[in-house]
Each structure stands twice: as structure tokens, then as C-alpha cells.
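The letters A, B, C and D name the chains in turn, as written, and every chain counts its residues from 1.
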Amino acid sequence: MGRKWRFGMVGGGKDAFIGQVHRIAAQMDGQAELVCGAFSSTKQRSFESGAELGLTGERVYGTYREMMRKEAALSDELKPDFIAIVTPNNMHYPVSMAALEAGFHIVCDKPLSRSLDEAVNLEKKIRQCKRLFCLTHNYTGYPMVKQARAMVADGTIGRIRRVVVEYPQGWLAQRLETKGQKQATWRTDPKRAGGSCCMGDIGTHCANLAEYITGLHIDELCADLATFVKGRPLDDDGSVLLRFNNGARGVLWASQIAVGKENGLNIRIFGEKGGLEWRQEEPNTLLVHHLDRATEIFRTGTGFAGPEAAAVTRLPAGHPEGYLEAFANIYRSFFQALEAVAGEGKLKENDYDYPNIHDGVRGMRFLEAVVRANSAPEKWLKIDA
Amino acid sequence: MGRKWRFGMVGGGKDAFIGQVHRIAAQMDGQAELVCGAFSSTKQRSFESGAELGLTGERVYGTYREMMRKEAALSDELKPDFIAIVTPNNMHYPVSMAALEAGFHIVCDKPLSRSLDEAVNLEKKIRQCKRLFCLTHNYTGYPMVKQARAMVADGTIGRIRRVVVEYPQGWLAQRLETKGQKQATWRTDPKRAGGSCCMGDIGTHCANLAEYITGLHIDELCADLATFVKGRPLDDDGSVLLRFNNGARGVLWASQIAVGKENGLNIRIFGEKGGLEWRQEEPNTLLVHHLDRATEIFRTGTGFAGPEAAAVTRLPAGHPEGYLEAFANIYRSFFQALEAVAGEGKLKENDYDYPNIHDGVRGMRFLEAVVRANSAPEKWLKIDA
Amino acid sequence: MGRKWRFGMVGGGKDAFIGQVHRIAAQMDGQAELVCGAFSSTKQRSFESGAELGLTGERVYGTYREMMRKEAALSDELKPDFIAIVTPNNMHYPVSMAALEAGFHIVCDKPLSRSLDEAVNLEKKIRQCKRLFCLTHNYTGYPMVKQARAMVADGTIGRIRRVVVEYPQGWLAQRLETKGQKQATWRTDPKRAGGSCCMGDIGTHCANLAEYITGLHIDELCADLATFVKGRPLDDDGSVLLRFNNGARGVLWASQIAVGKENGLNIRIFGEKGGLEWRQEEPNTLLVHHLDRATEIFRTGTGFAGPEAAAVTRLPAGHPEGYLEAFANIYRSFFQALEAVAGEGKLKENDYDYPNIHDGVRGMRFLEAVVRANSAPEKWLKIDA
Amino acid sequence: MGRKWRFGMVGGGKDAFIGQVHRIAAQMDGQAELVCGAFSSTKQRSFESGAELGLTGERVYGTYREMMRKEAALSDELKPDFIAIVTPNNMHYPVSMAALEAGFHIVCDKPLSRSLDEAVNLEKKIRQCKRLFCLTHNYTGYPMVKQARAMVADGTIGRIRRVVVEYPQGWLAQRLETKGQKQATWRTDPKRAGGSCCMGDIGTHCANLAEYITGLHIDELCADLATFVKGRPLDDDGSVLLRFNNGARGVLWASQIAVGKENGLNIRIFGEKGGLEWRQEEPNTLLVHHLDRATEIFRTGTGFAGPEAAAVTRLPAGHPEGYLEAFANIYRSFFQALEAVAGEGKLKENDYDYPNIHDGVRGMRFLEAVVRANSAPEKWLKIDA
């Protein structure tokens, strides 16, 4: 197995959802160990969280700046290899910059930043610092997403013509943010979330998933964002027409007011010779359509799933692998890159299958374009490649 | 049961798909009888079809004009009550006009006509002639579509915010029209189909279904049509952003190149208090989402489905009712209107639950707007109410 | 199309469910016409039903005996070709005997009779009279059931090892028979239903479906019947272990107290090389499992379904064909046999794909064995071939 | 969070499937740490596995006896709190006995032992030693299984009448055991597996799941086991009729030759007022049937799932929790009991929701009865309570 990677965490205190997800995912396969953290914006809460996580007091911090400074000064045997950033969006950029300056690799939650400017700056900094950066577009970690991508790449469905990607949720159908629900509060606050709520939080997952599986780029788009819940300053629903760089057309929509929908990310892709359908809520199944024969049901763990899926599969077929396992697969790929850097000392980020800074910047280009397109009078708006 | 309604048919010869559907549907409940027809564009084929259908030679015709003239001259005990028009789109208008002049009520396949102008003229003519006109937007005949409409009307899901309606098919993913496939040939021919293939043939069903269930009107739209199969002069795929008259947003997409999809019409509607999901290929199930309790599975034939669904249900729950039964339900409503006209002599078309000339004209307004919007530089285009 | 077959009906008055099913099914394809009937046990109700069905008074009868006598005396151009028997079980035998004596072919609802003795007698009589006899085990009429049968026959799944067939319903979970529900009343009454309620009404469908698809015979069985609703004299639930003549094992269970289940007939078959799964409530889908490749979804109306399915398919793929269409397919096969008898004058019942008297007798052998096995001390009980 | 529980492992070397499952599950929530192990039957393989798992050489052992002896001699700060036994069945008993003698608590894979005698002895020993014993009937760890159990307990579905529990797999449809597949080899070997392959490996899960959810006991049974693959000495398929202690009837079947089925454990339960359906392969959904209203879809993580489900749910609704999470939930409950023992020093095993020695003995009683019933001439065989 080799060594265990040490990591610190910024954010992810007691009531946070995604911090615990990162901790379980990073450590699932016994390849990593949490060693320090600045878990909360208040010192006391940070220490409470640290204690719950079994950290000794000296490696729990009240601020991320303090943590970066002190941890960077530790010996190589002690200091973290990477920092996991699991804060609200507005902190992704400053914490990443600080971590880079302290010399750490980074795993960061999505979206990359509050603005495209920040994203571009961050990319520049990462290139300078020669550090690895992983953005947790976690849905690409599912085995059947890998299978789909491999089947596009090997020509199973032919040249792609149509892509439909959706992310319906219902949890913000009412004004939860005024009732102290922490997740709702920051996501609907422009200061912390950036220029978009729905599109930033889940629309970017759609765009990333579509580009990841198809290998195409969204070239132009036309957007219609809406805010249905009164008093909410950001979008809670939106639809986007897509045109891809190969001429394929698409629809992307995401909503946080789709009552009864939980976390309904799904994608359908149609090419000249076949089609693919995948749904996040039943993630171990991939439907594969063909021109002249019956639709096939590909399943995680089966002998006829390809090596790309097998490489991220932990269990025999029929033993459902879920969200945490997919999330852990992102970390697993990141650890392979860490291993390579540690071994060869060379950074070849593109050789590894995890969402990197380039994907993060693309996500911000998408998001910036969607928000701009929404109020533009023109029908179509280009995204820079 | 009362009387049997006599009907004649224009189109629907041997190889036609929809003619046989109309014949089975119209006669399923023993309320109608085919008495005459001009089944084909060639006299010989028309007679062959008539013979197969058990009609005597004197009531089979080589042209619809001859049929209208001769049948109108028959006695009241013999002549048809209505004409079923099941030709390619380009003949809907001239045959309807001829049938009206001959004094017959009409059941006509969709879309209403080749152009909006024809549609408007036809509506005027119908008002003058005081005849009943039924357009077979057959998907509104399913019991669970009625249930959905009733649940919107009674406020179960609250004010509507988002509508997603899709109609993926895959049968035109290759260039079938050059291989003598009759259905493909006329649908992809602008002379017979009108200004659109995909949107005219199936996109109009989407628009009609969305407006039927929600009781809303599409107010504005933004469209992106595509032709993926080379050499095809009309669209075989398209996406439309929708804005409804109450502020709801929506997405409508239809495709004939979605390999592996059969006849995947489906609709999802989300309101302030709940949501609804229905799929044509599993038509006896309606998912009903709620804000604060578990999603419910409504089913055709169950005791807890409402009276609107029960009225068009023939079998106990669990005995699947299909496409033909739904189609027959449209006829059944039309027969109720015929009955009322025959009884009271008064035309109150809006009292009956079948798609009428008004729906047909709306469909053409939608279609005309989609085609225009596709090449318009502006983002949004209004549809006249 | 050839001629229209004339038929009379015994049973099937106003409130009956199955009478209307037979009328729609028999007439769906325009190949048959109802000409006479004894629809009810009371003369007045029979006449009311006849009038509703558009029959003139002189061909509606108060008793089936009167009908047989008078209809047999009519001219060949008028008298019925066959009689549809849609009464409670206890009348199947006497009405069939009377119809045979009057010279008519027969379509009869299942189960064949109240007892195995009756069944055996009836078979003898049919052989003597050289009449056609069709028992409406209607579920074998579905296209995907034909597909399954063809795939077993052509070796797709190899030698069969395991069969699981289920028929859960929930409608008799409470004591409906004391509340005037007509369907419940006769089915739970030994005098009219025979020795079993649940197994006779729906268990026999399971046995028939399993033998039809697999081409095997149930050789031995072990049964456990239950009556859960107090005061009910017959079984409302039962489980049966099966051993087939090729060594395959199986489970058959049926229940009328499975709350929430509608008409959940389904079958799963596993062989040495593959497996098949079919559910009546979603009848247009057949899952096909393979040893070394992905499970396939076969669908009614697709180009890759075989000729056996295509022969009973009315619509393109994705246009759901339901219970009535499957029922009509049984009639359609029966009409082919009628045609052959009319043409060649020879009876070759086995050449036609509808359930015949042999299947009916097998059903009664199964039923008799199940009831006997239920109270037998031995574990296994043989069924005569 | 409190302390981390230290554990040792017996079995679970490199190619073993279930060892890795136990390691991930035990450590998922950061509550436990693997400290020692005897991972394989050969010393070298054991050390290789230990090294891969990051253990230092002095705590890896060539035999479990050596491990028990040396680990028991360590200080309280170092020695393991419990031993996880993940060997083939034949080792469960001797390793458990040794662990008890060494003073350790135990987590053991199922089935409990090779024979009922061993099981009874082990229970006695456990009572004497006052140690905790957890048997990983892991499927009871799923949130929707807890929900089902709670809904039975609170009367939602009324007095239970029928239970159907199935476990179809297809992986042993061919003679894998002669091809060096390790999982197949020991499971089909009577010396290592005990008296049953299919029923021991997966049938016992069915019985446990049915009794866990319903709170009932299987009272009598009638069994039919089969061996379809030639040369295999144990059953690879079997069906069992069940009678429960409240009079409910049931069917249990399991198969390893059901081609195309992966790990299809599922259960359906029908009571006087409702019904429940759960499938392991889509574990986050529970269907809840009612007498007089629509079927409901209960889902993991939703606000309307009850506290029993919420207590074992890690993620918001729509984020699939899978097999590993359910397995980890068993460990989590076991840790609560460890905590209590450590705190109060009192053993109250029944207060905690994990499968204990009593469940293990019941499983062996079931298994012994099934094997005996299979060859018994009588129809019904009692299971001791």
C-alpha cells in the first residue's frame, strides 16, 4: 500500500455536511490520515470539532492562516502533504492561495471560486508553485461514469449528437435560509456563494459531468435562470441550451425547487450509433442503447464492465457502491498523482483521472457565461476554451 | 349505449400506421362503425384497403372529394356522422375544409395543418359551419394524464414553477427516408409535413400535453432546432426554453435521433407544494411528490385515483391500459359531444374533454413560433394567446 | 381480412368485468361481431345488457339453454360461429356441454371447470364433437411472453433450472364478499368457484404461464394454502414448490391479500446459459440475462424482437400495448383456427397458438393436485401428465 | 467521538473479498483501528497482507493461536478490544473459542459455524466469558431495513400475513470452483463450508432479514434444495416454505445459479393493513403499501424517514448509501455496546441493534432444519425457538 498521506482540513466543522464526506472519502482505503485542521470560523468550534475527530490540541487552529504558518514549519515527517478545503465558496480562493504559499498540495470543494478572475489567478499560482490541485467534482468518481466515458472514447455510441444533463433537487423549494439551515444560508448568500446559487452549486456539476463523459467542450450557451422563492437574491433554478465544439446540441437544467427530487443528477447522451443513460441516484447501472440491438444494462462490478470501471470498483456486482465510494475514488486518483510526484518528482497532472485546476477554471468559465447569458439580449454566448 | 356513430375515413390505407389506430380506437367501445373511406391516393389501393376492412365497393372512393360529394347525398340513416382524417399533414386542411362543406363533423390527426394561416382559416370555417372538430392529441387520453391535470387544478402541487417535457425517439437516427420507409418519407418532406419534422410530429404533442395538464399557456420561447442526418431538409431534433403565462419556466425537447429511445414522451411538473412525473411508456403510473411527506405512486384503476381518471379507465388496477385505450378515450369524449349535439342541437365544445380546434390552432402557433425562433437573433419570442 | 366471425355470449352482463373484456378483445381487430347473448341469470338483466350492447331483443335470452336451442336453429348466415362463456366457474362446464351439443365452437374463461372430473368429461366431449375450444389464459397473449417462449425454444437460456412465478393481488385483503362486491362474492363461494379461490382464479394462470413459456410440465408439487380473512371458506393465498419434468425446480405463489399489489403476475426463468424476467404490469419489457455479457432489455415492437412477438404486435415500439390487446391476441389465434376449420374442414388445434382444452385440463390437474397436496401429509404429490 | 477501538483480524488476506469489507466498514467512521492480524493460512501471505495494511511485523502472525496468545499478553493500552473473524465458515468456531479464551470481544462473519452443535457450544462459552459477540448479518444495517422494521413494530402494516424473501445470485451457475476461484472453492467444499453452500451462504441472510424486520420467528419449514452444477457436493439452489409463529406464511428461496442476478436479496411483507418491499440492490428505497391510499416511496435521508433510519444515515437524501455504509452501521452499533461495557462494565447485548450470538444460533437452527427437511419425508419440520 505504501505510505499514508497526511492531510489538514479547512472548514468541515461539526454541522457541515461535506467536511465529514471528505474525511470518510479520503481515509476509506487506508491511504490517508487527518493530522490537523482549522475547522470553523470560531476558535472554540474548531477545537470542539478537532477533539471529536481525535486530534490533539496543538494541531487544531482557530484560523487557516495560523494553520498554514505553523504546519509549514513542521518537519517533513509530520507536516501534511495536502490540505482539504471544504469551506463555503468564498473561502476557496484565499485558503488555496495560502496553502500554495505554504507549499501544500490541495483538494478543494467545488465550485473553484467566487469569480472567474479568482479562478484564473489561482490557476496561474498553481502552475508557478508546481503543486497538485484536485477539485472534487465527485460524481465523476462513479464506476459507471468511468464506463460511460470509456464507451464514448472507444466509439461505442459514435459521434455525439445530443446531450441532456439534469440536476433536480427540491430542498430549497421553501425559504430555508431564514430558518437557520446552515447549508441553505451560505449557498443563497452572494457574499459567500458568489454570483449564483443553483448553477454554482449543482449546475457546475452538470457541465463537468457532460464534458468529462463526452470529451467535448461546451462552446456556446443560452441561459434562463430563475429565482422562485421570494426574497432570495440568487437563482434557485435554471435552464441552459448547449452547443458543443463538435456540433452536438444539448440541454442542461438544474433546480433546487423541484419538490420531491433529492439529488437527481442524471445524464443522457445520444450519438450516431448508440446512447447512454446514467442516474446518480441509482449509480451502479448504465443503460447502453444501440442502433440495431437491444438496450444493455451495464452494472458496476460485472465481468463485462471495462477496466476503467473495474479500477474504481471495490465490491462484486450487486453490492451497491454509493456516494462515499465515488468520492473516495477521486481521492484515490489524487493519491496516485501524489505518489508519482513523491517518487519521480515530476508533475504530470493530466495523466491522472481526477478533476484538476483546468476543470475548475472551465467550471468557472461556464458559470460566468451562464450568469452573463441570463441577462444578455443575444441568444448565444461563447465560452472561452 | 345509444346509437353507433358512423364514420368515414380519409387516408389510413394498408401500410399506414395511424389509420388502423384510429379504426381500433374509434370502434373499441362499440360506439362507432366505419362506413366509408378514401383510404389512399390511388384508387386501386383505396379499394384494396376498403375490401380488407369489409366495406362494400360502393362506399370506397378514389378521392376524398368524390367521397364527400357522394356521402353527403346519402340519407340521414346512412351517411357518416364524422370523417376521420388520417393523412399526411398537408392534406389535413383541404380534407377538413371539404368535410365541413359536406356537413360532417371531423376527427383529424395532428398537427392541425401545414401552416398557421391554414389553421386560422380552418378555425374560422369551423365556427361558421358549427361542426365539431377533434384533433387527436391522443396522449391526453391516458387516465394518469387526467389525474395529473386534476391534481394541478385542485391545488395539490400548488402554483407551478417548472415544467420539463420531453419526447425522445430514435427511429430517424439514420436516413430511413431514402429506403422507402413510408412514415419517414412524408414526415421529412417539407411539402407534406410542413415547416418542421421533429417539432411538428412530436414537439407539438409536448406543448399540448404541458398546457393540458398545467392549464397554463406557453407565453414566450427560445428554440434551437437541429438536423443531424445529412441530406434531410427538416429538423430531426430540437430544444426549446419555455416561459409560461404565470411565470413558470420550462424546457421542452424532442428528438428523432435519440438512438434506443422508442416513444419516450414524458413530463415533470414542479409547483410550490408538490410535483408530478408521468411517462408515456409506463402510462399507468403517476408519481406525486409532496413537500413534507413521501412520494406517492398513483396508478390507473385504483380506488384512490380521482373521478377524472376513473372516467376513462376500463379495467381494474394492474391490468395495463395502453396507447390504443388512451386513443379510444379521445374518441369517447368526442362521442359525448356528438351525442349532445344530436340531442340538444347545441355545440358546446368546451364542455367536453377532447382536443379541439382551439388546441389545434395553439399547436400551430407554437410550431410557427419555434421555427421562427430557431433562426431569430433575439432570445425570446412571444406566442399569441 | 376475410369474414367476420359471429359469436354469442353467456354471462357478461352489466356489472361483470370480464364480459366487457371479451367483447372488446374479440372485436378489436374487426374480425368478430357479437350477435346474441344470455348475459345474466335473470331475464330482465340479460335484456338490459343486450339492449346496451345494441342487440335486438329476439337474440337476447333469459337462459343459455334457450339461446343454444334457438340459435342452433338459425340459418348458417345468421347463427353464431362460437360461444364466449364468461360466467362464474361453476357454469363453464354445463354451458360448454350445451354449446357443444348445439354445434358451436367455444371460447371459455378460466379455470376450465369446478372439478377435474368435469374437465376430463368436457375434453372427451370436445374430441367427439370436433369443435374448437379456447380457454382464455390471456396472459400468454402478450408479445413479450411469446418472445420469452421463443427464446427458451431456441436455446438462448439453455436447459432450464429454476422457475419462479408469482401472482400477488391485494383486493381481497378485506372481506369484500360481505359488502356486495360481485367479483368477490362468487370467487369466494365454493359452489360457484369450485375448490379454490386464490389458486383457481390466479394460481392457474401462473401454472399455465410457466408451462407455456418453458415448454416443460410441472411433474410434482408441494403446496401450502392459507385463508387469512376470517369467515372465508376458500384459500386467499398459497405457495407451491414445483418440480418440472426436466428436473428444474420452482416456486409458484399467488395471493389475494398482498395489500397494495394490483395484478402482479410475473415470471423469472433461469437456465444454464441465461435468464428471463417478465412482469405483467409492465408487459412490453422482457429482461434477458446472459452468462458473459450485459443483461438486455427486449421490448415489444422493436426490430430485434423475433417474429413470434411481431406477429401479435399492433404498434411501433414505445406505444404501450396492454391487457386488452393481449387478450385480443388470444382471440386472433383462435380466429386463425376457425378460418382453417372453415377452409379445410380439418381440426388441427395444436397448430394454433391459443390455450386449448388440453391446457384447460392441465390447469385443472394442477389445481386439483394443489388442493389435495395442501392437506396431504406427504411432501410431494405427482400431477398426471 | 471518544476512543478508537483497536481490533485484530483473523483471515482477510490479500485475495479475500470480505476481509477488506470488514476493514473499511470498521474504520469508516473513525471509531476503530486495525492493530494486528493473522491474515492467512500461510505465514508468508499473512505477512504480505499485514505489510500492505501498514502493520508492523511484530503484530502480524502466522497462526491465530499465536496471535491470541501474544496479543492477550500485551498491555491494556495496546491489545485489541475485539477480533474480527473473516475466515471460511469452518474456522469461525475454533477462532471464536480461542478469542474468548484470550478475553476478546468478537465480530464474526456469518454463518456462525459449521454445525448447530458448534453454535450451541459457542453461545454457552460466550455467556460464560461475558464477552460481546457480533455476527455480521450486514444487510440489517441498511437505513431502509431499519425503517421497515420500525414500521412493522409501530403497526403501520398491521398483523403480518405473508413474507417473501429471495436471494438470487448467478455467480455459481458454472463450475467456478475447479478454476481456482477462491470464493467458490471454499463455499462449495463441505469441509470448510459445512452442510450447505447456497443456504448457508445466502439463505441464512434471508432468514435473518425476515425475522429482523418482522419480529417474528420461523416456526416450521418445508425445504427443497438442489445442486444443478454437476460434481458439486453441496446445494447451489433452494426453496423453503415458511410458517411463522403468528400464523404468517412465507416463501424463502435462494440461488447461486440464477444467471444474470448479482446480489438480489429482497423482501416483501404483507400485513392486514399494508405492505413493504425492499431490494438490496436499490437499498435506499422502501415501498410502503396501504389499504386505502397510494403506495409511498420511503427514501434514505428524507425528513419523513423515522429516527431508526436517521440514526444510521450519513448523507442527505439522494446521496446513495451502499453496502459498505450498511456494513459499517453494524460495526457502529457494536461500538456502542463496547462503549457501554467499557463504561458501565455491564453487558446488555439486547439493548443494541446488531446481530448477536442469539441471532447466530437461530441462523444455525434454520440452516440445520433446512438441510434436514430437504431429505425428510414429512412435509413440515419444526425449528426450535
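Methods note: a residue touches a chain if its C-beta (ideal position, glycine included) is under 8 Å from a C-beta of that chain, and two chains touch if they have at least 3 such contacts.
Fair warning: this is a prediction, and the values are worked out from it, not measured in the lab.
Novice: Quick check: more C-beta contact pairs at B-D or at C-D?
Specialist: If we tally the C-beta pairs in contact for B-D and C-D, the bigger total goes to C-D.
Novice: Taking each chain's centre as the mean of its C-alpha atoms, give the chain farthest from chain A.
Specialist: Farthest from chain A by mean C-alpha position: C.
Novice: Where the centres are mean C-alpha positions, what is the separation of chain A from chain D, in Å?
Specialist: Roughly 35 Å, centre to centre.
Novice: CA centre of chain B versus CA centre of chain D: separation in Å?
Specialist: That gives a centre separation of 55 Å.
Novice: For chain C and chain D, let me know how many angstrom lie between their CA-based centres, rounded off.
Specialist: Taking the mean C-alpha position of each chain, the two centres sit 43 Å apart.
Novice: For chain A, which residues are shared contacts with two or more other chains?
Specialist: If we look for residues of chain A contacting two or more partner chains, we find 261, 287, 295, 299, 302.
Novice: Which residues of chain D touch chain C in the complex?
Specialist: 157, 161-162, 164, 166, 168, 170, 173-174, 222, 224, 226, 228, 237, 239, 241, 243, 249-251, 253, 255, 257-261, 268, 270-275, 287, 289-291, 295, 376-379
Novice: Over in the complex, which chain B residues touch chain C? Could you list them?
Specialist: Interface residues on chain B, with respect to chain C: 1, 4, 17, 20-21, 23-24, 27-30, 52-54, 169, 171, 261-264, 280-284, 299, 301-302, 314-325.
Novice: Which of the residues in chain C come into contact with chain A in the complex?
Specialist: Residues in contact with chain A: 287-288, 292-299, 302-304.
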